[in-house]
Amino acid sequence: MLDVNNLMVFFENALALNDFSMQVREGEIIGVIGSNSAGKTTLMNALSGLIIDMRIKEKRKGGERITVYGSIVYEGLDITELSPSERVKKGIVLSRERHPIFPESSVTENMKIAGYLRKKAEVREVMEYVFKLFPALIQLRAKKAGFLSGGEQQMLAIGMALVVKPRLLLLDEPLLGLSPMMQKALVDAIVSLNKESGITVVLSEQFARPVLPIIDRGYILENGMLTLSGTGAELMDNQEIKAAYFGI
Amino acid sequence: MSLPTTLRVENISKIFGRVAAVDHLSCEVRRGELVGIIGPNGSGKTTLVNLISGFVKPTSGRILYNGQDITYTAPHKIVCMGISRTFQMVRPFYHLPAYKNMIIPLYSPRVRQLAGGRYGDRNAVALDLLEEVGFERDANVAYKPAGTLPQGYLKRLELAKAIALSPELLILDELFSGMSLAEVASVVPVIEKLRLAGKTIIMIEHRLKELFRIADRIMVLNYGQKIADGASTEVMESDEVKKAYLGSEG
Amino acid sequence: RAAEPIVIGVATSLGFLEGRESMKAVQMAVDEINAAGGVKVGAAARPFRVESIDLRDAAPGVPVPEALLGLEKIILEKKPTALMVGPFRSEALIAGMDIIAKYKVPLLGTIAMAPGSEAKIKADPQKYKYVFRTCLNAVHLVKFLAGTMGAINKQFGFNKVYVMTQDVAWARATADLVKKLYFDKSGWTVLGMESYPTGTSDFSSALMKARSQGAQVIMPVFDMPQSGTLVKQWNTMKVPTIMAGFVSPLAGSEAWKIFDGKIGGVLNTTFELGSAMAASKLPASTDFMNKYQKKYGQEIQAGHGPAPSYESVYILKEAIERAGSLESDAVVAGLEKTDRRGVMGRIRYDDGHQAVYGFDPAETSVSLVSQWTDSGKRVVVFPDSLAENMIQLPAGLKSLK
Amino acid sequence: MKKRRERIDRGIKARSEDVYALSSWREMLYLAGPRLLPAAAFLLLPLFLGAYWQKVMISVAVFALLAISWDMLAQTGMISLGQALFFGMGAYVSGILNFYFGMPPWIAIPIATVLGGALCTLILTPVLRLRGIYFSMVTLIIPLMLVRIIEATKIFGGTEGLSGMTPLPSTLTEIYLVTGVLLGVLFGLRRLMETDYGLVLKGIRDNDRSVTNAGIDIFWFKTQALFISSTIGAFAGALMTHVYMFVGMPVFALDYSILPMAAAVVGGSGTLAGAALGAVILVPLSEALRGIGGLRIVMYGLFLVVFTVAVPEGLFDYIQRRYHQMERWVEIDQ
Amino acid sequence: MFAGTVVFALINSSILILLAIGFNLTFGISGVANFAYGALYIMSAYLSWTMLNLLHLPFWASAALSIVFTTISGAMMYRFVLLRVRGQALSEVIATFGIGLSILELFRYLGLVGFEYTLPVFWNESFMIAGAYVDIQRIIIVLIALVLVLGLWLFTHFTSTGLAFRGIAQDERTALTFGIDSDRIATLSVSFGAGLAAIAATIIIPLGSIAPDEGYDVLIKALAVCIIGGLGSTGGVIVAGVIIGFAERFTDSYIGSHWTMIVSLAAILLVLAIKPSGLFGQQKELEERI
């Protein structure tokens, strides 16, 4: 479904992602795991096209700071240079790390804005699903999203990504700031979305223990380089990796 | 133990609109303790921190710090009295390089007072502090604008900024979230060191394993109320906590 | 080899109707003089040449120093023998007088109206003697307004007036003087004196007040373009009063069309005979209007500025010829001796360097008051020496006599 | 072959920022050049200019001061749309002192500078807690309101203003006074903003909550910044009063608010020098355009658009980048 | 007198609301600065005037054409100018202000000043309300203002494009991740705003005349109404319009026309002193939320 070939991303002279390749098959759950500054967010931004947008904006301001090399092929189509909104239309949706909400709009409005490309009825349907998934949001539906607590905002952000009805869902640190109970609920939800709706998921995490059981395959990133990849079980066999990322 | 009380929260409430984010909550923290606060999302943990640090003023109740009423004291004054906190959603100075971010707390009246008017080269102090929390000095992260740093570094920058104020009471709001195990391991010694120096620390976390390893005492909040308070093992046994926080199977 | 021309600097707000048409009038006079052989300076005959600069001072929000910089620029770079027309806003003129004094260039002002500049000249004649004003000033305008009011009172017995002015120095000064010198002395009741900041475009409050207090006459004094709105509102709100005073957009012949014929009955002052309106009783004025129309293909529309600007060129010519040199003090002395019969009647300057205005064109310069008839014509109704008809009451109003 | 553009610092800058010892003439020139050149230009130019362009230079310096004062405020997170307030306040105070109390300019200008600055600070302190565009709105409104108040109450000469102020002895005195102050303010403030104090001010713009959380009273610091900035503006106004021997309502005109901002944006905000550079370009440009008469402001508006669109980062930043950095294509080795 | 003042205050408020509504859509709701707003307002009026008087088109046709044309020029302005400086608020302000300046001063240069430049009223009648004659045009203004505000509110709350307008104002990058093409939406926002300015001009100008100076006034008024209403709020525009509108007319009637502007400006200051992010804005509270 998605082929990432020798992707390289430079910020100014710094290499944030170095020669990274990965394959995502339809229906898989993929984990991208790496510690601080490994390049997870950069990868997610590259896949969703935000990097392309950032590059355009930088260029307008008079500097050409971001360089992207390599190719991203989605269902046989090279999307490396495609704008984010085009990619969303093709079903690639990213839930950004931290704060990806509209603070001045209410929770329901946030989801309506997120459902820009979808029909009203569809949005309403998914909204119901999201409220079932995160019951905490029900009470808060009329509240301005900016007033929500950190975890509540994270729930909303995931919900907003779901509203778009993605085919390939990119989640950047989805568990961040969620309580253990919510983490479990979300992990279960990811599995059911994957199984029942056939959504392919790529998620990134620093701290991989909670997602480990569900990922089909994982890629370990370090300083922008791919150090290891394999199925969940294979990764766990590596003692070092296990200690550093899984805490088991 | 009969250590003196550093912080005393008396029957405090904060109501936003119709919902009480913190609801008649009372608690105490003694000097040198490391207290962990846990609770479901939206249970009022951050609001409690905001109340203590003075950014939010309570609807009722009061807060005493070393016996002094600080309920309506301005936040910057509270900081100067020795309470410093980190933000859950990081708030760096996006346009300034990381080490320049550190200069601002170092410029505060509190630091100047403690240093007795002589505070040497702030840049050097800033870099030292950053190194302490895990900014490698040579890889020039410390010189990059904070806006371009990844989350993990920003979290640690928050910590460094708080420590720079040499606080008596340090409040850390979800410091560990967004850090990998290795990073947590690198930050824990910093916290341990502060404890040894007799500082009081409050930590809000969802990363229980890591928290339990270092906390003396755990407080659990739910719907703005304290539902449990005690040693970690004790607290985890409580049914109420299990139901509200950990999910059915505990 | 052609003789070196004498430079006349036109410095004013060229973006505004009065400024633009004054500039054209200056050009017309210059062309006439040059065609007739130019100016005799001693033995030599030299032509005039016009240089201009847009001071933009009439536009709100343009700071006075910006206008003054323009004034200084034309003085320093074009080295004019004299300046014409001059700043638009009185405050710019008053502030500019210090610069004029510094560079000693005679200025024949034809737009700014406030009496403040004369006061300044009188206070320090040696320093400020370079400034002359050929156009009407507020003090003389008062005479005409008071005269009109007198005529209204005599004809219809009206004596309740509501005064509305633009909030600029000259307009306020005018209204205050009319009140002090005429209304208060002749038993009129002044129901209200309202002054509006430049740019106001809603006059409903004052019109309602005038109506509810039973005003019979509204006396407006406005020179901003928005003041036409006042007349429009007066018309749609059907305020039962006679409107007599000065509203600049109503001066020209095209006002009838512009206002869709909604201005019947309004009495308006033309500041200088020949600007926008001529009087059949003084052929020079009709000639001037006709020449202008022939040259530019359009009738003068500004009721203030063009005639005195045209005259000023001739006045300057005569002064130079009298002085026999271009040296500024000599030219000023020549200007002070001016006594000319022209488009606006007879022009002489008083000791404040203000052209004297009165009711008789044989003795002084004149303004005139005309009334819009219901068929879209303007008829001179004041002063008597020029009047073509009596004042007519607008439909629906009853005379008290 | 894969290539990308690489950017390299010339290096000396990085070294010299902290270290003061300089090794070679070339480096010294490299560093001092950009500073000495404009200073020398400002000091020598008046001697070669005609009377009119000397006046223009005063205007340039005055607007440069206003732009710097704007930029200084903007760096503290207060975007002002009302530099005219500072300018006008200084102008009026100086005018009043001179007109009613007969103070000579040498005394009136300094007093007006400080007093005008203090008055502006006083007027604006109640709204310091406003942020962003809301603060801007208030600054936009206050000068408009003062104009109307003067108009309505007819104080200080009302609509006509006060004229006949004592001028300074000569145009050259005026120029050297104002350019001297300009250079002093420019280099002084640039230095100040680089210190830790300046850093706190910049921090307030970035994130005022974090500054509070560092134990610093943002209101007190904002007040100080406001005072510094308004003092600079007030000086410009006070000087203009004596140059034009006039003060009146138009000193609060919108031009004095908008032009400085335009200058700062065109030159590059956040650098102070950029603000001055903007004024050095825009004011003479506007004067040069006088030649084309009525179209002048039209062209001027278009130039503003062209500048901002062509060099969005600001001219100064652009030049600085070019001066200190090199770009080259490098191959990517895999 | 009192009743009459209320009537004219309502009308005045409606005029303010109508003037502000387009600016509110562009700047308040989608966060795109368009400081050429006043110039577009005046430009559309001149366009109508030209078509009406020089091309002799019927009034409705010239008005419609000029609204369309102004809408298009708004879009062009975004494409060719704003796009290049997008994201830098101050550059956006200066660039658009520069455009506005050029347009307005061009009209002044061309000599399009004076009372002959005006548009015809829709319906030339007036009738008595509350002791004062009020013309139908003013009643039309009130009605259209109401309809447009309501329409705008519905648009920004219930249509996906309208919601997207609000999205790009709050977090452009996040909006991108939901498939909202922020440049397209911003283009629409500027052009709709321009269109609304043209509509306002078509109805309001007949009361007075087309003057370049008016362009600056319109901008300042729109800015004031939009900001004290609170950025992002449509309801705020109404309340702000009413506050300023009433303050103006009542001071005019009972204190003196001199104080009109002082009182209305003071009202603005007062509102901001009490509600630092405008009547309905929540910027401040949100920013302080930590």
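Every chain is named by a letter (A, B, C, D and E) in the order it is written, and numbering of its residues begins at 1.
Everything that follows uses one rule, which is that a residue touches a chain if its C-beta (ideal position, glycine included) is under 8 Å from a C-beta of that chain, and two chains touch if they have at least 3 such contacts.
Model, not experiment: these values are computed from the prediction.
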Any chain that touches subunit D and subunit C: E
Shortest walk length in steps over touching chains, subunit D through to subunit E: 1
Relative to subunit A, chain with the most remote C-alpha centre: C
Whole-Å separation of chain centres (CA-atom averages), subunit B against subunit C: 76
Rounded Å distance between subunit B and subunit E, as computed from the means of their C-alpha atoms: 47
Rounded Å distance, subunit B centre to subunit D centre (Cα mean): 41
Multi-chain contact sites of subunit D, meaning residues that touch two or more partners: 148, 151, 209, 254, 294, 297, 312
Junction residues of subunit C - those touching two or more other chains: 15, 61, 167, 197
Set of subunit E residues in contact with two or more other chains: 84-85, 88, 108-109, 216, 256, 258, 261, 283, 288, 290
Touching residues on subunit D, where the partner in the complex is subunit A: 2, 4-8, 311-313, 317-318, 321, 332, 334
In the complex, subunit D residues that touch subunit E: 74, 79, 126-127, 129-134, 137-138, 140-142, 144-145, 148-149, 151-152, 209, 254, 258, 261-262, 264-266, 269, 294-295, 297-305, 308-309, 312
Parts of subunit A lying in touch with subunit E, wherever the complex brings them together: 48-50, 53, 57, 60-61, 83-85, 88-89, 93-96, 99-105, 109, 112-117, 144, 146-147, 160-161, 164
Residues on subunit D engaged by subunit B in the complex (per definition of touch): 18, 196-197, 199-200, 202-203, 205-207, 209-218
List of subunit A residues in touch with subunit D within their complex: 6, 8, 10, 12-13, 19, 60-64, 67, 69
